Amino acid sequence: MATLAPTTQAPARRPRDPRRIRRILWSAVAIIAALIWVFPVYWMVSSSLLPNRTLMSFIPTFFPGAETTFANYRNVVADGSFFSALGMSVSITLIVVVCCLIFAFLAAIAISRYKFRGRKSFVLAVLLVQMLPAEGLFIAQYKMISSVGLLNSIIGVSVIYIAAVVPFTIWMLRGFVAGIPAELEEAAMVDGLSRPQAFMRITFPLLAPGLVASGVFAFLQAWNEFTVALVILQSNSSQTLPLWLRGFIQNSASREIDWGQVMASSTLVAVPVIIFFLIVQGRMTSGLVGGAVKG
Amino acid sequence: MTTVQASPAERDTAPATPPTQRSSKVPHALILPAVIILLIGMGYPLIWQIVTSTQKFGLSSQFSGVAPFVGIDNYVTLFTDPVIWAVVGRSLLFCIVTAAITVIWGGLFALLMKAAGKVGRLILQICLLLAWSMPVVAAMTVWIWLFDYRRGVVNYLLNMLPGVEMDRYNWLDTPGTFFLVASIIVVWMSVPFVAFSLYAGLTQVSDEVMEAAQLDGSNGWQRVRFIILPMIRPVLMIVLLLQLIWDLRVFAQIQMLQDAGSGAGEFDLLGTYIYKLGTGGGDFGMASAVSIFVLAITIAISWYYVRSLLKEDEN
Amino acid sequence: MKKKLGALALITASALALTSCAGNGGGASQLPDSDPESKNITLWLMGPDTPDTLREYLTDEYKKATGGKLTIEQQDWGDVVAKLTTSLPDEKNTPDVVEIGNTQSPTFTTAGAFTDLTDMYDELGGENLLQSFVEAGAVDGKNYALPYYFGSRYNFYRKDIWAAQGKTVPTTLEEFNATVAELRTDDMSGFYLGGSDWRNAISWVFANGGELAVQKDGEWESTLSDPKTIEGLTQFQELFKNASNAPATEYDSAPWVNLNNNDATGKPEAATIIAPGWAHWSIGDPVTVKDPETGEDKPGAEWNDETFGTFVLPGVDGGAAPVFAGGSNIAISAASTKQEAAKELMRIIFSPEYQKMLGESGMGPANMEYTDSLGDDQFAQALVESAANSKLTPAAPGWSAIEGKKILEEFYGKIAAGGDVIELAKEYDAKITPLLNSN
């Protein structure tokens, strides 16, 4: 790459304007695309602020304006079941994310940095288990969890989630580890660092974006899942947020769907994810650029 | 161009030459936690599924514990049932089209993030994150409502276009438009993941390389084809494979759309079909056999990827 | 039954051979009856239909009677089958008493999910219990699941619109079909009926003397091709085409919202609907009500006798047409280790006090002696009148598979879309018959 270095000055000699104009143009395209993509989210939030009768009208209300009401939210959280479901969901998701990242990180290092007996079988097994359709598995999963007395428990459902998510995270992390040349680490070792030191100082920071991306993935899987939760968490007191939301929609449907409340509860389920994203956002986006491998 | 192309090639081979001098205990220790959790979480269900697929396992088997062994009868039924083949064909078509659109769209967004200025990029990223953060149950509720035939915003807006008469158009009425809607929703949900993954890959492509290529007179498409694609190939392949696997077994989205539209057989994909066989119909033997069959299809789809992976290993 | 329990314990044990740990919940099963723990039982109720006051009554009374704690878990209709399939056979986690949909009763009963209650049958109400529901929970003359409550369907209509068109309440089914067809406009259904909504649409089959399936020599057979059934199906096809603007694929709708004036147009979407009795709470003039729990203002509906009315779907020769009854059954899980305590709860549920409480909440009480408790307003009258003539789906072992696979939704949807009734009936008979007998 060194041979290219002199040419990097080149753009400075060219007139700046066409480049800037092009950037602005692309930014405009990006913003339009962004607005289209976020519309369903906007629609959910804006509907959650409207009374149901306005929502049932045939003419959509695009801006809540004067009709804005927080009554939907107050009604939804009134019985407290939201908060117990929130607690369940947060606990399960945290366990799943932490365990997945640790297990997958170790395994990804093993398969991309080492040759060992059984490596191929492991790689194949990881690939295969994630391909099994989950819809037929629930009886077996139930029997297994029930047999160890972990029904309706955070641990029981977490074990199944981790097993379901870990293959994907191994794959993602493996891609990121593969993107970091082992030579970097070796060069550092030549400079006198021990292997763990070299790993911690060189490889790990470069892997951070990959860990964040895999963590986000594990987070969303654990947060959203409801078909396994449905059979493993049968008790009302151990509901997760997706179950709570589903129950809310179904109960509402058996009388008359109160769309305002449904949208408010949907928003409430999404908010923790948004908060989580805001926390890791720096790592996810601009952080990625900083951590990128510059040849 | 030669110097430029050397770089991805070099990066591609880098992970293929791992330091192997270490004692073999270390890698085994590293994979141990993952192996244990997979054995616990997936091992028993997988074995159960295989065993059940050779049994006549109905709802009463759950209560009596009696499930006669029928050998390959369930598989014979499966292969001779035209309904299943229709579902398989439909699912494959849906999965390939949806995954392809998702990956292309995600790739375009990743390029757009790179091309746009800081503000544009940030807004796009935040909006994609917001879309990504919508829980499936919540997202489906909103989308179903957007496409509602009477109160949906989609019909309302389309209807305002001159010459378009979409009032009360029921999108979920016929399989064609039903799967179009399903595909739009699945693409919408999956694009953020693809866009961010590919963007992460793109940031590993150094600016110097790109600018050098530009100076060498390559156009935009050539740069994508000869520099970007080879460099992000590992990420791209994983993302495409994952999308194919997920879209083949898509379940929750289709089931919720069916609740809003029609539950008839021609609206089924493999996920809902297996669910109807097992939970709905109580025929867990057949449901297991179809699950195993889906597993085989998935392996077939990903065979190219698996093979190239194994080959890479042998080097 | 003892034998069955033993067998169950055996499979549970062998299926769970992996484990050596007894599990915290499971420990209770080994305790003698005198232990207070063995009095603590769980009841699964479906959906929000049973009001809170009734739930409190049950827990209080149960505590008084046994000293034990009754835990009530609410389950959702949409997902309950997966839960019942997994937990009912599981001795360690089964609910002790379960409410179950009347159409799911035959399937779970024949699968061996429930305890034989024949010796308690007379004590719990015997002949006074709603017999069509009793049959849905009986196998070979033994009673397993008993009725919990019933609902029924009747018509709600817009008096103002009917009057403006000079229509009067019809007295025969034919007259009804013709009247609602004449009321239909492009913007308004004369009679709003989803094309795949077979639970409402089978009334036309029943009214014409048809059946969905019959039992011959112990074997169930789908009878969609029976001339009487065909007559009902053909009438439905005509009715859907001429009177309803609903989509052919709609099967699970809330039709009552169509009877109220829409905010945007100031007009209703339908002049007539058929719905379960409790729909009347959602029908009426728009008003703002206070949410009893939160004190928040929220939009509601207030019944107005000037604008809205009810009538029972008329039969072919007048009187009331047989409609499909809503409601559910209740049973004791065969795998429960607390059979005596569970039976104690059944005694409370079938006590006159609780039966009356059901009626006062607008739910048809299982014991027909107490239907007076429903009151005597027009809704109660319509409920009792239509329920007296109501029918259930066939009590075949495989019936819940027909529902689970949405086969009737598919069949009705195709008829509504204008398919050939005779051809379709033949095709679906062939599909349904094998399913009916397997379990």
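We call the chains A, B and C, going by the order they appear; numbering starts again at 1 in every chain.
Note that a contact is a pair of C-beta atoms (placed from the backbone, for glycine too) under 8 Å apart; a residue touches a chain by one contact, two chains touch by 3 or more.
Everything quoted here is computed from the prediction, not taken from an experiment.
Averaging C-alpha coordinates per chain and comparing to chain B, the farthest chain turns out to be C.
With A-B and B-C as the two chain pairs, more C-beta contacts join A-B.
Chain B and chain C have centres, each the mean of its CA atoms, that are 38 Å apart. Between chain A and chain B the centroid-to-centroid distance comes to 15 Å (mean Cα coordinates, whole Å).
Listed for chain C are residues 15, 18, 78, 82, 85-86, 252, each touching two or more other chains. Under the contact definition stated at the top, the residues of chain A that touch 2 or more other chains are 56-59, 138-139, 143-144, 246. Listed for chain B are residues 44, 62, 150, 279, each touching two or more other chains. Taken together, the chain B residues at the contact with chain C in this complex read 44, 58-60, 62-65, 149-150, 170, 172-173, 258-259, 261-265, 276-277, 279-283.
Residues 15-16, 18-19, 21-26, 47-49, 73-79, 82-83, 85-87, 90, 92-93, 252, 254, 256-257, 262-265, 278, 281-282, 286, 291, 293-294, 296-299 of chain C touch chain A in their complex.
Chain A contributes residues 51-54, 56-59, 71, 74-75, 78-79, 138-139, 142-144, 146-151, 230-231, 234-236, 246-247, 250-251, 253-258 to its touches with chain C in the complex.
Residues 3-4, 7, 11, 14-15, 17-20, 22, 24, 26-28, 30-31, 33-35, 37-38, 40-42, 44-46, 48-49, 52, 62, 109, 112-113, 115-117, 119-139, 141-143, 145-146, 150-151, 153, 156, 188, 191, 193, 196-197, 199-201, 203-204, 206, 208-209, 211-212, 215, 234-235, 238, 242, 245, 249, 251-252, 270-271, 274-275, 278-279, 284, 287-288, 290-291, 294-295, 298-299, 302, 306, 309-310, 313 of chain B are the ones that touch chain A when the two sit in their complex.
Chain C contributes residues 4, 7-8, 10-11, 14-15, 18, 78, 81-82, 85-86, 88-89, 107-108, 110-113, 196, 247-249, 251-252, 269, 334, 398, 400-401, 403-406, 409-410, 413-414, 435, 438-439 to its touches with chain B in the complex.
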